[in-house]
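Pasting the structures here.
In the two complexes below, chain A is the common chain; its partner is chain B in one and chain C in the other.
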Partner chain A sequence: MQAGQIEQIEIDLLLEAVYRRYGYDFRSYARASIERRVRQFLSRQGLGSIMELTDQVLHDPKLFSSLARYFSIAVTELFRDPWAYRVLREKVVPVLQTWPHFKVWHAGCSSGEEVYSLAILLREEEVYHRSTIYATDFNDSVLQQAREGIYEIDRLKDATRNYQGAGGKASFSDYYHARYGAAVMDGSLRERIVFSNHNLVTDTVFSEMHLIFCRNVLIYFDRGLQNRVLKLFDESLVNGGFLCLGSKEDIQFTEVADRYEVVDRQARIFKKKARP
Partner chain B sequence: MSQARDMGIQRAVVIGGSAGGSEALLRLLGGLPVDFPCPILVVLHLHHSDGGALAQHLARVSKLEVVDPSDKEPIVPGRVYVAPANYHMLVERQGSIALSTEERVNWSRPSIDVLMESAAHAWGDGLIAIVLSGANSDGAQGLVAVKAAGGLTIAQNPAEATYGVMPQAAVDTGAVDLVMDIPEMAQRLPDLVNMGRRGPLRDDLMERPRDER
Partner chain C sequence: MELAQSDLQEKAAELSLASKYKSEFLANMSHELRTPLNSLLLLAQALAENKEGNLSQEQVEFSQIIHASGSDLLNLINEILDLAKIEAGRIDLRPAKVATEELAQGISGFFEHMANQKGLELKVSVDPEAPTELFSDRQRIEQILKNLVANAIKFTDEGGVEVIFHPPREDMNKTKLGMGDGDFLAVSVSDTGIGIDPHEQRVIFEAFQQVDGSTSRRYGGTGLGLSISRELAHLLGGAIEVKSRPGQGSTFTVYLALSATLQGMDPVKPPAQARPSFVQESSTPVWRDSKAAGAQAAEPKAEIEDDRQDISSGERMILIVEDDPNFARILYSKCHAKGFKCLAAASGEAGLELAREYLPDAVILDLHLPGLDGWSVLEAMKEDTRTRHIPVHIMSVEQASSESLRKGAVGHATKPVDSQELEAAFDKLAQVAAQGTRRVLVVEDNEQLRRNTVSVIGGGDVEVDEADTAARAMEALREQNYDCIVLDLGLPDMDGRQLLEALQQEGMDIPPVIVYTARDMTREEETALRENTESIIIKGVRSQERLLDEVSLFLHRMVSKMPARKRQIIRNLHDSEAMLAGKKVMVVDDDMRTTFAVAALLSELGMEVIKANNGQKALQLLEDDPGVDLVLMDIMMPVMDGYQAMEKIRAQERLVDLPIIALTAKAMPVDREKCLQAGANDYLPKPVDRDKLISMIRVWLYR
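Moving on to the complex of A and B:
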């Protein structure tokens, strides 16, 4: 048996141990990225083998939390893919404007940059006060960052350019306060946002939604888990509700594909068909 | 180590480039025949507003089909997969593309090292990895990983490259098997890809490593 195959077994055992000991299930995560993370974590911790890591993780909850954090590092930015936000403005907002109240689920919100982006967009389109935004992630430490809404100031140049590309109607500096070399997002943007812990892998539906925003999360899941999560979204969405995915994610070859019409192919925005 | 092969793909080529790399890539792809027998995966450092423009440009020049891949897209021989701007591109052992928004590596996303390391795990000694023109050292560690897994490593001749820093950084690791100008690369790549069919690719090489460069 080759070294690479043995490593596969070791990673399987690590993920199994993590699941049975702590209940966090990474077994259905996209493998290439998890493998890379495990190898890097190993060298960062100065450990000799994955089995050694498995042994320590089983007995050390602190080491587990840093491993779990390491598994879930996805980096995002304010108004990532500005053109997708422009499509959202043009094709989804007109429908939102017809609803007296609507609920948004931002699933896998990470450190919150895109939640604030969405809040800004909804406010500029004068529908924010009619919304409730549930922003969820399974990782409490990134969720806390999202709640605080404090971002590095040197990332604001990109954010400002993105905001303009997204069809922003004001000046981006209206939405944050510069303080101690950081940008603090304006507190009023949080008024309609509920941050809470939700694990897409193990938790279930918690409310009926009109818009589900889940960008660059499904890329970390394998096909089976993707289907599970898309079904969860499908159970949550009202008929005529919208699903917004990352620009490289698609429902085309998944089990829910025929239940949606394409609102915009490039921006990966889909609308749930009314069912007889 | 090479489960991507179970899916029928025996060989693959990965290419990385940065400043001056797209020009080199255009010449290289333009010189490859329409029946090139394996998939080619490409990372070029692009501005994150590229939006698939490079892939479209390459498609006009290349006889091969050029793809701006979605996540989990199956990898098919004879196609060129160009990593989208602002995503890392990795390879799943089952033979599909995996995209990720993890943090930048070598200040880059996509990173050449990330692609090459993951392809080395998927294809082992069936992989050929090429570093083209560039002004940083992304790709150097990737080539080391490819070589360690038994693959064949090639650098564009730093003297020919618009920016020689990147191929030179690769050569300086001592992990580069061949150093070539682009026309020679385009001419020899089909043979190099075919040579290894009887066994590990490197054993068939007529030319010795040019580490002395």
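Moving on to the complex of A and C:
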């Protein structure tokens, strides 16, 4: 048997151990990425073999959380892909406005930048008061950051530029307070946001949604898991509801593709077709 | 001096005009090229399917080759257009933060399968020293990387392909590569393939500049990929270099500026290095030819023969408006295969005339037509009361967008269409054409608004009646069966809600109701109203569109004979269920779908249901109403979530024993544990299973 095949077995065992011990299921994550991250984690921790890692992870919850963080890249930014927000403003918000109240779900919200960005947009379009926003992630530590809404001040330059690129109507500084080298997002933006832990691999539908954001999360999943998650979204969305994916993700060639029409391909915004 | 300056300006203006013409020319040209390809691809595909089973194995293979070559040609056309756009500076960069790991992930996800199928190993790795993110245009970077990796896989038969994201090596020669200052991320794509001769390494990037025409075929994929990649790399403030020895594989390295803003924000500026531009070099001869071709295309082509001499009454027919006689022929035989007679027109005017004269069952419409274009034909058909109900399907080289649906088409296929798309289009037309007339009642007191609504939803197979008061509406409903009601809330004689109640009291079978109102409403009002209406639409800029969607949804539902809402479910209550009758359950959930479904089920069992849409409301209701026997508690809710609510309930002496069942979307054992800790007696996973819910309620009420 080749070394590569043995490594495969070791990784299978590691993922199985993580699942049985902690309930986090990475077995259907995109394999190549998991392999790469495991190798990097080994060298960073100075561990000799995957089996050694498996052994330690089984007994050390702290090591598990840093491994889990390694598996799920949490990069995000305020008004990431500004053009997508522009499309939201122009093509999606006017439709959201036709519901007396509407719900938004940020699935895999990471540290919350995306959630605050959309909240700002909804406020500027004067529909924030009609919204309920769910921000979920399976990683409690990023979720805590999201709840706090405190970001490094040196990231605000990019954020301001993005905000303008997204068609922002005010001055971006209206939305945060700078303190001790950090920026705190304005508390009123949080009024209608519910932060909650939700794992897309194991958990189910929890409410009817009008707009679902799931950006840059599906890329880490294998095809089967992507389909499962897209179906979960499909069950959650109302007829005519919107799905917004990351710039590398698409519903083309997935099992739900024919139930959606493209609102804007580049912004990866899709609309669920009305169907009985 | 001044003279010289104005001279210069003039020259510059001329130049930019010339480049604009070139781009436009290329865009038009690519449309012109796609038209014949459309028929070619379709017919080759049809032959390859060998439906009649009369072709030899070899003939089927030939047809497949024709199809494959045609597809290659189509790709090439797209690439030419791409390159022309870049060279003309007509490409806009969209810089944003890009994570290196995400790029790596994208590449391995995209190519893993392809490499495995060829028996190659694909290794993608990120050097720990590599910059972790950059500010650049993700899509363009990916376009470059995909091109390089695809080539590497293509030209390697044994061994593997390795992609490494790393910091630039010490020996990187910025000046030679024509790169600016700043920091870079390098991505190397190495293969163990055939390699490239040193003297050929220079030319593989030059579009149409290869010394030997075969070079491009051997090294360049469809030919222009490498040229495009190099241009893009320059635009992003970077470069591409190649190191290779024949027989030992090649390594292409892309350098990407960590901040692509400088070049990116000013894409029109030509990259520093002087390079031959293929547009300039090769345009002259092609230019003349194609002008002639363009002129030709504008002349109306001869119409193909159709069935107009041969239609007896009652026969179904489709009108084809298409100026490409070859594609028209294909559609013609498809009509016959589908049991339709066929009419054909090669211009917009002729098409419109035929539509008005013959009133066909459906229309297939091209957009680029000599004279009156497709959009105008569609518009004219929709304005004419005799033709507005006829379903129209667009087939055009123009990209499909929701525009076409908004203008009234039932579908839009982009050429070249393949046989599945063709099939789907015919099915759609047949389906729409088969639906009979539907009837909708619009209840609205403002005449202007009413007319508006009627014009949005009315027409053709939808007949609309109007009522300006509640009394008139009731009258109409007593006389006629409607498939759907569109109801404004503020009526002069009676509020919309009262109207619904009155109808219910009369025992009338009320069709689906869509509330169409300008009023804002509170969540409570919304919940109450949703009890007996299907949906609520608030008027606004985009509300007509949603109205149309929802109305067609209900009209369609009637066709599929969904059970009417009124259908009584006759159930034999088991003894154990009978004991549930009269008990009061509070459902706490902000998801209306769940509350309604649960409420409907429990009412069926004779239970009384009260609702709260968050924890705080639930506490209030419990205070006001001491008679609650059991609580169903959702967890993820705004204002106060389920955990908090349960803790607060348990903190009250008189409520410690109140049975609470948590409804949760969370599946982990720890999450369920959390529910119990917060005070739930038990939990049920969402979506709620009806039988489990009933048996669980029974358990907790029996105690």
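Quick notes on this structure:
To be clear about the criterion, the second predicted complex is superposed on the first by the 276 of 276 C-alpha atoms of A that agree within 3 Å, B and C clash if a C-alpha of one lies under 4 Å from a C-alpha of the other, contacts with A are read in each partner's own complex, and residues count from 1 in each chain.
The criterion applied here is as follows: a residue touches a chain if its C-beta (ideal position, glycine included) is under 8 Å from a C-beta of that chain, and two chains touch if they have at least 3 such contacts.
Here the structure is a predicted model, which is why all the values come from computation and not from measurement.
Bringing the complexes onto one copy of chain A puts chain B in a clash with chain C.
Once the two complexes are laid over each other on the shared chain, residue contacts for A:Ala3 go to chain B alone; chain C is not touched. Residue by residue along chain A, chain B and chain C are tallied for touches, and C comes out ahead. When the two structures are aligned on the shared chain, A:Pro94 is found in touch with chain C, with no touch to chain B. In the superposition on chain A, A:Ser196 makes contact with chain C only, not with chain B. When both complexes are overlaid on chain A, the residue A:Ile219 reaches chain B and chain C alike. Of the two partner chains placed around the shared chain by superposition, chain B and chain C are both touched by A:Ala32. In the overlay built on the shared chain, the residue A:Asp250 is in contact with chain B alone; chain C does not reach it. The residues of chain A shared by its contacts with chain B and with chain C are 30-33, 36, 73, 75, 80, 83, 216, 219-220, 247-248.
Chain C contributes residues 94, 96-97, 99, 101-102, 104-106, 108-109, 112, 122, 124-126, 128, 133, 135, 138-139, 142, 402, 405, 520-521, 523, 525-526, 536-543, 545-546, 549-550, 552-553, 556-557, 560, 562, 589-594, 634-638, 641, 664-671, 685-687 to its touches with chain A in the complex.
Within the complex formed with chain A, the residues of chain B that make contact are 1-3, 49, 51, 69-72, 84, 86-87, 90-93, 98-104, 114, 117-118, 121-122, 124. Looking at the complex, you find that chain A touches chain C at residues 23, 30-33, 36, 39-40, 43-44, 73, 75, 77, 80-83, 94-95, 97-101, 130, 132, 134, 136, 158, 162, 192, 194, 196-199, 202-208, 216, 219-220, 235, 239-240, 247-248, 261-263, 266, 274-276.
Put simply, chain A touches chain B in their complex at residues 2-5, 30-33, 35-36, 73-76, 80, 83, 165, 216, 218-220, 223, 246-250.
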